[in-house]
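One chain, chain A, links the two complexes that follow: it is found with chain B in the first and with chain C in the second.
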Partner chain A sequence: MSASPILRAAVIAACSAAVSCTGSHHMLDGAGEHARRVAELWWLMFGVLAVVYVLVCAAIVAAVVRGRRSPADLRMVAASPAQERRMIITVSATVAATAVILFAFLVATYSTSDALSSLARTPADVTIKITGQQWWWDVEYQDPVPSNTVTTANLMHIPVGRTVQLILVSADVIHSFWVPNLAGKKDLIPGHQNTMWLKAERTGRFEGLCGEFCGLQHANMRLTVVVQSEQDYQAWLQSQRLAAAEPSGDLERRGREVFVRGPCVMCHSIRGTDAAGFVAPDLTHVASRPRIGSTVPNTREHLLRWVRDSQEIKPGNRMPPLALSHEDLDAVVAYLETLK
Partner chain B sequence: MRPAPRGSGPSEPAARTAEEASLHQELQETWSRDPGLRGWLASNDHKDIGRRFIVTALIFFVLGGLLAFLMRLQLAHPNGTVLGPDLYNQIFTMHGTTMMFLFAIPVMEAVGIYLVPLMVGTRAIAFPRLASFSYWIFLFGGVALYTFFFLNIGPDAGWFMYTPLSGPEFSPGKRVDIWSQLINFTEISALSASIELIVTTFKLRAPGMSINRIPLLVWAMLVTSFMVVFAMPSVMTASLFLTTDRLVGTHFYNAAEGGDPLLWQHVFWFFAHPEVYIIFVPATGFVSSILPAFTRRPVFGYTALVLSLIATVFIGFGLWVHHMFATGIPQLGASFFTAATMMIAIPSGIQVFCWIASIWSGNLRLRTPMLFVLGFLFLFVLGGLSGVMQASVPLDLQVHDTYFVVAHFHYVLIGGAVFPLFGALYFWFPKVTGRMPGEKMGKLSFALMFVGFNLTFFPMHVLGLEGMPRRVYTYLPETGWAGENLLATIGAITLATGFLVTLVNAWWSIRHGAPAGENPWDADTLEWTTPSPPPAYNFLHVPVVDSREPGWTRTSASPIVTGVRSDCREVLLTSLDAEPDSLMELPNPSIWPMVTAMAAGTTFVLACFTPWAVPIGTVLGGIGLIGWAWPKSEDDECEPPRVEDMSEQEKKEGAPRVRL
Partner chain C sequence: MLCALAAPGCKREERAFRVEPPQAAIAVGTRLTSLQPGTPLPARSQENEYEKNAFAMNEGKRLFQWYNCSGCHAMGGGGMGPALMDDKWIYGSSPDQIFSTVVEGRPNGMPSFGGKIPNFQVWQIAAYVRSLSGNVDQIAAPTRNDNMHVKTQEQSAEKVAPADSAPPPPQ
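Here is the complex of A and B:
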């Protein structure tokens, strides 16, 4: 089905070079069953349509060249009935060819759709509930045992080769869940519950984006997807199930005090402490996440700036600037850094 | 019917006989607008209104273009600092709103208001006061929207205003109210213009212009007007619901109270998808009008082209769900819309193939309007093909709401509509102004626009594949999107320069262009058989049409209509087969449509702030309508025909009749 393997290789090489430092987000670089099949459909349609476009352009150029055969002659032209008939036949034939191509595309589309929906009929190995919020992703791993439920934000680990079911809901406005390397979009709509299925085919780190305009920080509503081997995935899940570790140093302990006694607990939760807010990301393992506020890399400097005044980094986000003293700020950041 | 070979060059108006000179004098007195500012404001001459409409829409086009330019500056580099997220969101919302509601639809209607009465060979547009009203509505709506935008109350939830983001909870303040009220308001303009165009086409055609002789542009405007009539009420309903949700406390779109945000998407796209064809179909009319003049033959496949237009209208109303594939539509339903979406490529294909066949079999002259037509063919076909890809549900789920879609619809809207529009501006410039547009500047403008357009929008296809979503005010350096974005910004500068060259060209040519004469391009439709610019009464003699190409076949000996009065504003009504039917007197110019439009505008804006707008608006609107409908005074009344002036024949048959 690959219409032009060389171009394909070039496109993928170019994009993987460009995004080596973060996750990839190229829709033709399929790392999941869905994206791979769509990429195949893309190359089929692209190949056929590229030929069609070249032919139409050639016809336009040929028509212009032929029409220009006597540019100084401004008399009316009267096509002979025979010529007119030939043109009718040619135009009808091209229209018929168009219809045939469209019909072929229709068949290809339906067969791809059908293949993709077969995924929905296999039992899910992992079920994850994704709640879209302005402007972050709440990711909740469902488990029959409530205490085994794992909550992260803007980060999703999934095992390779397994069927992952995503339950998509929204807490405020419409968002759209999109990891280009894995699958097409699905909207998260208030009052509706959508479901989609993923099956990753290779390990790696991929970038998710919000596909529907959702307000001020739509541009910075990202999600990192880490596809791992089953073993690594289970290890990660186990580590995420643990409550926050007891801080060892004085500074960190003070940080926890500031956190649970300060304004942080109004919104955030850290399992294993008294912090149990639920309108902002769960911070139990915040230090293990690649980005802060789904915007900047998770470094100490960024974390410090974020806690002091996140509006500087992500203007309009729901977290207010905090009036913490220098010492308190250092302590909170030190504590957050222990939450691996 | 085969047109007779004819020489080129501006055709000088034939020397007038004394009889014609006095007829001209009388018609001029009857149809001219009154002098002075009041006369200008009151004018209900479709040519005045059309010209104002076109110029105003082009000013909004420039404003919308400047907004686009600001966005390109912001996105030229990652982490851009030109605009913040709040301003960016206002700007992209205003860009879309301007281009759709204040430029593309109005400018197409405006060209129709100017040209359709001329093309069908009548003296005026049907319901001339309504035409005046529709212009003032459009002007006030647009100016009010921009006034609020400059006051930092510009709408910021996207031109598509998805609920609940645009609802009372997530868009507090007045920004969205302003949008929904003013869009509702401005749509009245498009609706009333459509009604005028439909009635003009059905009732005011010159005798002999039967259905199979209607110029293709008039066909295009007719089917477009029908689309407007069926589509606009949908967006008005949607935005009325939004307004009441926001201002009155209804819950049409509030999921928490049993409403549904998806309702908005269905009702909105039921309008907004046909809207694409409302913009594109008139453009196909421009192409079909320009081609005969520059290929020296009637356009190939008249019947096929007309049927394609009609098919486009019907299929165009069955596609709206393809904007919603990602919302979780059941697969069976989505499959239907995939098939319908692919099917619309067939009428579009028929049109493109017919146009190529016209060029192939013609005798081509590459003047500026024709260059824009050729540019249109290259760009529109590409946009159409990327559209076929998006019809496919699985593929659409990937490219939906990415820059791939941005690239696609700019190819079909700029390539498919703005290029033909510029061709049309160059083509009818001599008719409207009486002077030829500069040819060298025209070609330069075309070249800059074509290159600039492709530089701007082609890289966006790649950006989309690389995962860049639409409507983002910034992006991170590590995304790898910087190169294509910078290229697009450079392209935008080139494209803007191309537009600017045409503006300068128009400004220069109005003053210094060579006099055009009646039919400088030797084109085939009726408007080219009257002087340029056309007199207030359009045609000295109402023509009788005896072919599909009256511009080529009419001579001074061709049949005309007599018996239509020249001392009052009388027009000839014809039947569907273009048989003379009856005579009708049209209303005089009046300032009241403008007053009524002001009253309506005040009401709509005021309603964002207070419910008192309803009683105040009722009174103001009532005053406006009473003035509008005030009967003529005795002096203005058209005197009944004097029997002693009639010939025996006229007495017997009554006017009008066709003089052969």
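Here is the complex of A and C:
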């Protein structure tokens, strides 16, 4: 890092005072090549500009303290040729320093953007299609073998150190994909395909958000990115490829009946059953996801409240309230909990 | 002898001569024909409040795609299913008739969506379906699409008065 620890601490303290900005949703805590390079550029600019700022402030304070010492100062002309020369040297030196600093920034910015775009020139190890929907993320792992395609929602696992290509499209309005720890934003535009590249440099769990106002629940359009070792990633992908397991208990079996005979099938799909709706999140492995409706933590209580009346948790979302009986509700929730 | 002894043990069917009010009310359903006994009742004009509500009709438009109505009826022009923007309404053009058609399904291909879609969404779809032929409050009808336009916006759909028509009787 180009900044001193004191400066860093000061910035983080000032920033934290306004909003919490450390941890899993933090631009300057880079875990990906993009975010790291941009953060480095940011620290370089911050450090240099902080020094300039302090020097300018010191010059102003010095000028005020010194005050006007002769009538010549009032007329803004030099009292002597020697003073004239000193003024010329001072002004020229500061102008030159400004030009040098700006040129250095230009070079640094250029080399950063070049490094960022170089990722696009390397072949992608993983290709993921992300569809922005009001108000959730549809995440599809593409594979040349169709049956190996994996669809999940509001959750993305990626291998560390690999180039990940994201294909960004939208089903309704403009959204923006933003995982600050990994990279900058990129818009998802209806009727247009955008592409971006990611390369995570350390494992961990990072949070993403929609970065473009997209309607009522824009603020709750969240995404969790789990960066794993290649081995863990492959194990996860393999588990996601499996169809939903056969429920073991009577209650769970009844839950599946309610699901596949009821209104759920109009929008949701669970691979391995008759439910094949494609406009709402694929629920084949819903129990393995960190959040319900991209909003609240995935607990039994939240799941129950969501199925009963999701409008209570996320007003305006596209899932209508379902008038299920208590018994059916219990059964559906019990079934969904088995979908690990 | 044994049969005669066993006979009194049989359960006797009950005959209720007095039926209580909820069951005794005169049956009302969705009428698909004007043919009636006695003097015909006037056509019931059941209104759909959503036909005056722009949000509800836009939701209907979204659901028309989501629930794949467009799979057969296309964008209203018809395809595998009948067109919805002309004056022909095989199973009636009134809001409650459209509601019944969606919920009950109709022979030769229209699936029954009863038990799969909440009531309010069926009414939203019914309102949108009538907007395709300009039979709703045009100020509230959906305007331009968010995506590429394949047809005129519903708001400027030409009003087509329904000429209710049943399929021709077999010759």
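We take it that the second predicted complex is superposed on the first by the 280 of 340 C-alpha atoms of A that agree within 3 Å, B and C clash if a C-alpha of one lies under 4 Å from a C-alpha of the other, contacts with A are read in each partner's own complex, and residues count from 1 in each chain.
Quick note on the criterion: contacts are C-beta pairs under 8 Å (C-beta built on N, C-alpha and C of every residue); 3 or more make two chains touch, one makes a residue touch a chain.
Since this is a predicted model, take the numbers as computed values, not measurements.
Asker: Quick one: name whichever of chain B and chain C touches more residues of chain A.
Answerer: The larger set of chain A residues in touch belongs to B.
Asker: Applying the document's definition of touch, where does A:V279 land relative to chain B and chain C: first, second, both, or neither?
Answerer: In the superposition, A:V279 touches chain C alone.
Asker: Check the residue A:F105 against both partner chains and state whether it touches chain B (first), chain C (second), both, or neither.
Answerer: first
Asker: Would you sort A:V265 into first (chain B), second (chain C), both or neither based on which partner it touches?
Answerer: Second partner only.
Asker: Could you look at A:S113 and tell me whether it touches chain B, chain C, both or neither (first, second, both, neither)?
Answerer: first
Asker: Quick check for you: in the superposed arrangement, does A:D172 touch first (chain B), second (chain C), both or neither?
Answerer: In the superposition, A:D172 contacts both chain B and chain C.
Asker: Can A:T122 be said to touch chain B (first), chain C (second), both, or neither?
Answerer: A:T122 contacts neither chain B nor chain C.
Asker: For A:G191 in the superposed arrangement: first (chain B), second (chain C), both or neither?
Answerer: Both: A:G191 reaches chain B and chain C.
Asker: Tell me which partner A:P320 touches in the superposition: chain B (first), chain C (second), both or neither.
Answerer: Touch status of A:P320: second partner only.
Asker: Touch check for A:V56: first (chain B), second (chain C), both, or neither?
Answerer: first
Asker: Intersection of chain A residues contacting chain B with those contacting chain C?
Answerer: Residues 172-173, 190-191, which sit in both footprints.
Asker: Using the touch definition up top, name the residues of chain A that touch chain B in the complex.
Answerer: Going by the criterion above, the answer is residues 11, 15, 18-19, 21-22, 25-28, 34-35, 37-38, 41-42, 45-46, 49, 52-53, 56-57, 59-60, 62-64, 66-71, 73-79, 83-84, 87-88, 90-91, 94-95, 98-99, 102, 105-106, 108-110, 112-113, 116-117, 134, 172-174, 176, 178, 180, 183-187, 189-192, 194, 207, 209-220, 295, 315-316.
Asker: Residue numbers of chain C touching chain A in their complex, please.
Answerer: Those in contact with chain A are residues 66-67, 115-118, 120-121, 146-148.
Asker: Chain A touches which residues of chain B in the complex?
Answerer: It is residues 2-8, 84-86, 89, 157-158, 162, 164-165, 169-170, 255-256, 259-262, 295-297, 300-301, 304, 326-328, 331, 334-335, 338-339, 342-343, 345-346, 349-350, 352-354, 356-357, 359-366, 374, 377-378, 381-382, 385-386, 388-389, 391-402, 465-467, 469-476, 478-480, 522, 552 of chain B that touch chain A.
Asker: Name, in rising order, each residue of chain A that touches chain C in their complex.
Answerer: By the definition above, chain A touches chain C via 172-173, 190-191, 261-263, 265-267, 279, 320-323.
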